[in-house]
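Okay, structure first, notes after.
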Amino acid sequence: MKIKVINPNVTLSMTDKIGAAARMVAAAGTDIIAVSPRNGPVSIEGHYDEALSVVGILDEIRTGESEGIDAYVIACFGDPGLLAARELATGPVIGIAEAAMHTASLLATGFSVVTTLERSCIIAEHLTHTYGMAKFCRGVHGSNVAVLDLEEAEYDSYRIILDSCRHALTADRSGAIVIGCAGMTDLCARLQDELGVPVIDGVTVAVKWAEALVAIGLKTSKKGDLAPPIPKPFIGDLARFGH
Amino acid sequence: MKIKVINPNVTLSMTDKIGAAARMVAAAGTDIIAVSPRNGPVSIEGHYDEALSVVGILDEIRTGESEGIDAYVIACFGDPGLLAARELATGPVIGIAEAAMHTASLLATGFSVVTTLERSCIIAEHLTHTYGMAKFCRGVHGSNVAVLDLEEAEYDSYRIILDSCRHALTADRSGAIVIGCAGMTDLCARLQDELGVPVIDGVTVAVKWAEALVAIGLKTSKKGDLAPPIPKPFIGDLARFGH
Amino acid sequence: MKIKVINPNVTLSMTDKIGAAARMVAAAGTDIIAVSPRNGPVSIEGHYDEALSVVGILDEIRTGESEGIDAYVIACFGDPGLLAARELATGPVIGIAEAAMHTASLLATGFSVVTTLERSCIIAEHLTHTYGMAKFCRGVHGSNVAVLDLEEAEYDSYRIILDSCRHALTADRSGAIVIGCAGMTDLCARLQDELGVPVIDGVTVAVKWAEALVAIGLKTSKKGDLAPPIPKPFIGDLARFGH
Amino acid sequence: MKIKVINPNVTLSMTDKIGAAARMVAAAGTDIIAVSPRNGPVSIEGHYDEALSVVGILDEIRTGESEGIDAYVIACFGDPGLLAARELATGPVIGIAEAAMHTASLLATGFSVVTTLERSCIIAEHLTHTYGMAKFCRGVHGSNVAVLDLEEAEYDSYRIILDSCRHALTADRSGAIVIGCAGMTDLCARLQDELGVPVIDGVTVAVKWAEALVAIGLKTSKKGDLAPPIPKPFIGDLARFGH
Amino acid sequence: MKIKVINPNVTLSMTDKIGAAARMVAAAGTDIIAVSPRNGPVSIEGHYDEALSVVGILDEIRTGESEGIDAYVIACFGDPGLLAARELATGPVIGIAEAAMHTASLLATGFSVVTTLERSCIIAEHLTHTYGMAKFCRGVHGSNVAVLDLEEAEYDSYRIILDSCRHALTADRSGAIVIGCAGMTDLCARLQDELGVPVIDGVTVAVKWAEALVAIGLKTSKKGDLAPPIPKPFIGDLARFGH
Amino acid sequence: MKIKVINPNVTLSMTDKIGAAARMVAAAGTDIIAVSPRNGPVSIEGHYDEALSVVGILDEIRTGESEGIDAYVIACFGDPGLLAARELATGPVIGIAEAAMHTASLLATGFSVVTTLERSCIIAEHLTHTYGMAKFCRGVHGSNVAVLDLEEAEYDSYRIILDSCRHALTADRSGAIVIGCAGMTDLCARLQDELGVPVIDGVTVAVKWAEALVAIGLKTSKKGDLAPPIPKPFIGDLARFGH
């Protein structure tokens, strides 16, 4: 089974980290293809970055369909382009925020999200409504770590995020942490050990959930709004998306 | 890995069917232990049946904890006793309605539930609110098949349920079907083929999700209300539940 | 008129206290039958305790139906087994959390719940959603008094709860207190005097509401999901619940 | 105990009917004072009628406070002026829509409202949100009976309303009827007998609930927004409301 | 085009201030008629004041209809009598809370309301639900300035309100301020300059929105519940409202 | 004042029609710049088309900022890229679905949306939640007219849409129509005349609302998540979006 994990930003060190995390949990027969698009921002920290990252995501889905990909994971906590990607894809497409939040709701009656910059918090808050998870999410917290700071070895992002998690668990009276950035995937095991509560990384749960759906034979519904896009011309730089 | 799949009613033919469905999708190293409690109703068709089935479920979780069970699936569409079971369990506990509804929300922007008796519909409707899935669930439909009719070979429950599904997809403008009874697990593949939309059976998706969580190392949060029950005496028939 | 007030835990001193509170407000012709089940925990402090207490509650409803009971009150703030009980009962069945929350919404535009352990708070929070009272409930507060501490004369639970109430009224900008445990019923009048706001005890309001419904001739609907349970066999310890 | 039942329209035959219904269920020591204001419309069938009826209601509360009234019932299904009345009143003030809807939610998991003109339906729908009852109310139905037609002996409003109820129970898959007009109070017993489900009349349940609150010693909260109106001048026709 | 701006309290200095603010933003051809009713309270600070102010508002709408008014603005932050006014009016009727909240939701993903007395906060909170704005409103704050204090030159209400706004922006993590009283309209420009975020005054946005609707030819729907009031007698002081 | 109206599809006949509609209602001093991006699909009929159209929208906002644009209107009923556009823009950015839905909620207590293909309905349904308008929107109806059919003179889209509107008003018990496609802007006046209810076209109301905000001096909040995008490199085709 082939699962394509799309890091929608173009920072390859992060893509590698995400791919490694995915491979760590993947089943024996699962082939993890971790990619970054050829277009897009070096990090995603707002509505604008996110909206533009969708082009690259859809490029990757488009090529994925001819590569025999069985399922896709969108590895950015804003889950950009999720429904658009589902129109293109035959198999399941899972966002990491979606996967993490749903999973958290099974492990605790309330969870907290700890993410990067405070300005990204609203994106996670909106997603809690989009996914029906608002009732379970007791707070969204910015740790004021920029996304690319997570890639700096000398920067002690672990300590800052740990503190944010501790604060969140107490302030929110919550029982689990959802980690709000794909770039934090390597910190989760350590955070979970130190905090003593489930710390949920969307990358790993999305990969496993994707595996599960493929194993069962479940695909994206092609009845209704997730049917393949209606064929039509696109012009300019985007011409490749039409036909 | 050991996953205990608890059919909370005491009809063993149904337990066997559920166990078979679970084993069909389980990964190589997964041991499926499909059980019915020693106490309880022959079928679960209402609030009363469901409430009483919780005793047997908790018995199975209690013994499961000393049997090295890694995760539990509660295989009745009302997900009886879910939070109580999570207090007892170390590993994850997943309800099949929960698993099916969450999964459906990834495969279509709207799903319909098709269940057994009309009087059970309200239980599914309540669960859509409990799980935050109300926005995705566009309708809950009773097919007027009694649970134990599903065990009767000569009874053409397949045809009746197929018709209910067809009606639901059109009336609800939905893109996927959630099958609202563990006893219908054997009908799903055929329904999916004939309907051409995802038909989601909670048993299989719950088993795979449980496998996924165990693989990642995620367990039930023991901070807060899902911590182990506070030790205290129980009296009468229930004395075994105290200490 | 006969009203059966069921304390679902088996601590008889609490049952007596609840019975006394009920009798204090009951009308002249009302016969209050305050009982504890023969099965169950000594106190209810979580999902597990609550789920198991339902067996005893249903026993009491079952026998109640042959004793000519007109209405039932479930005197535990989690309202365990409410819908199951309603299937069995001919007359109304009222939970004390339900009665207290609905009543509070008539006396103030916002109320606070003050309950026992913090781990029980989520149960009250869930009930605010179940009953549509989330908009009125501005906060749920654990006072960290264990249920059975309320039975200890030397333990100054009054002072602790008073402080919790004071904090709640200010922090929540609320106008009334809902007392979140049947075991606190004897403290309410004193709290109300000292706080100068309505302090609502579910036991007394449930009893009076039950009286009211009986007086008017209103009973539990037997159309739909609250119709009598479908007759079927139960096995094991629970065989008495089938037929 | 004195309960003032305010029919906010000025049709005295309706006031008499409402008073009679109230007295029928009132306890021995309860004095029912059924009144219509000196100002206002002959019937209330829309936002405009309702808004203007509040003047008369507040007049009745104002005088009630000097008459030793213990509790008030506002006997119009739109519950006009409820919060304003609560500022003025020391004791509880209950609206009949509020009382009926809350009560219905105890007797069935879903109810239907059957009211007079279709244009009034939105008022009931808004109230289901105001009171948190939207989840229980499965439909609001206009029977196209004008309010004053209910006062015409020769007009067969009973038959029309019965048909509306029958339709509502089936179409909504509901288990109880809330009668959406104080002028239908005399039809309820007959409807309940014929329909075989609880038919809830707000007048009677509000009166009994008011009695209950007074018996327990619960009053309107005077902390916060329901405190007595801030003294200030009013001018013109309304000068009597200031001081 | 004629827009009638109704200050529902009878304090003419406030009416003048509101009229001036309206004229400042009105287009060249727009005639602003700023009025206070002949009846009503000197300020509106609670449910009671608000409910009674509706009489004067409806008087002004009634006369407005014979004066060729094209649209109305109700210039009190509680938006009293909005739906009743819409039944009477042919053109649009806009409340200032409504206009301000909707507008704020276009300029920021979250806003805070800063109003006068704390007891008025609940009115704004209720309106956020009425208008669907609860998701955007991250907090409602009382500044403890009484409405008429805003008319006292020597009283430094500006400073107090500025502090409330500053606190709200931080505590609520919001991006805009909605000013919760028509009497603060003259403070908004200065607040906006000093705070560096949009400060939205309902008076000006309501006037401009009203102009916009008239320019486009949009009027209040006369299909359904906002159709003209059903003609009927009113008695007493209110007789002028019937026919 | 300069308002840029962005038709996010690249069909210029539609852009012209939208520009004409905007100019028809614009005030004397308003300069309407109606544009289509250089990139993108010929029509927008699904999540995929919509997601990709955002690139062109952001191009237009980017250039608009150096052209002295005061406000922007996004003239596609899915309001693509709204929050991303707001990060870039100094002035207000308004979506036509947003403008139309908010406006409809002022003119009727319930509205219906009539749009093009049935597969687009879910997009409008999601927006009713995004904007808090779900409570006002009583139904979303696909008329099965493709977007580009609206540009075909010989195709009788008017008749088909009129029928959809008629059906919607009755089935939904609504009082106004929101037209769910910018390409229908030229049909609205005729529909409104024939239907006798407000028919709201997002293009015109968005333009007027934009004018209003500019006139008052209200701009997009730059505190929080709508602050200018954090400067960072973009690679590939999208490099122009970074710096």
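So that you can tell them apart, the chains are marked A, B, C, D, E and F in the order they are listed, and the count of residues begins at 1 in each.
By our rule, a contact is a pair of C-beta atoms (placed from the backbone, for glycine too) under 8 Å apart; a residue touches a chain by one contact, two chains touch by 3 or more.
Keep in mind it's a predicted model, so treat the numbers as computed, not measured.
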Centre-of-Cα separation between subunit F and subunit C, whole angstrom: 52
Centre-of-Cα separation between subunit F and subunit E, whole angstrom: 27
For subunit A paired with subunit C, centre-to-centre distance based on mean C-alpha positions, whole Å: 43
Subunit C, residues touching no fewer than two other chains: 83, 109-110, 118, 121-122, 129, 135, 173, 224-226
Chain-level touch network, classified as line, ring, star, complete or other: other
Which chain pairs touch, all of them: A-B, A-C, A-E, A-F, B-C, B-D, B-F, C-D, C-E, D-E, D-F, E-F
Interfacial residue positions of subunit A with respect to subunit B in the complex: 25, 27-28, 83, 92, 94, 98, 102-103, 105-110, 131-136, 169, 173-176, 189, 192, 196-198, 200, 204-205, 208-209, 211-213, 215-226
Residue numbers on subunit D that touch subunit E, as the complex places them: 10, 37-43, 45-52, 54-56, 58, 81, 83-84, 86-88, 118-123, 126, 129-130, 224-227, 229-230, 232-238, 241-242
Of all residues in subunit A, those that touch subunit C in their complex: 109-110, 135, 173
Partner subunit D, residues of subunit B touching it in the complex: 118, 121-122, 126, 129
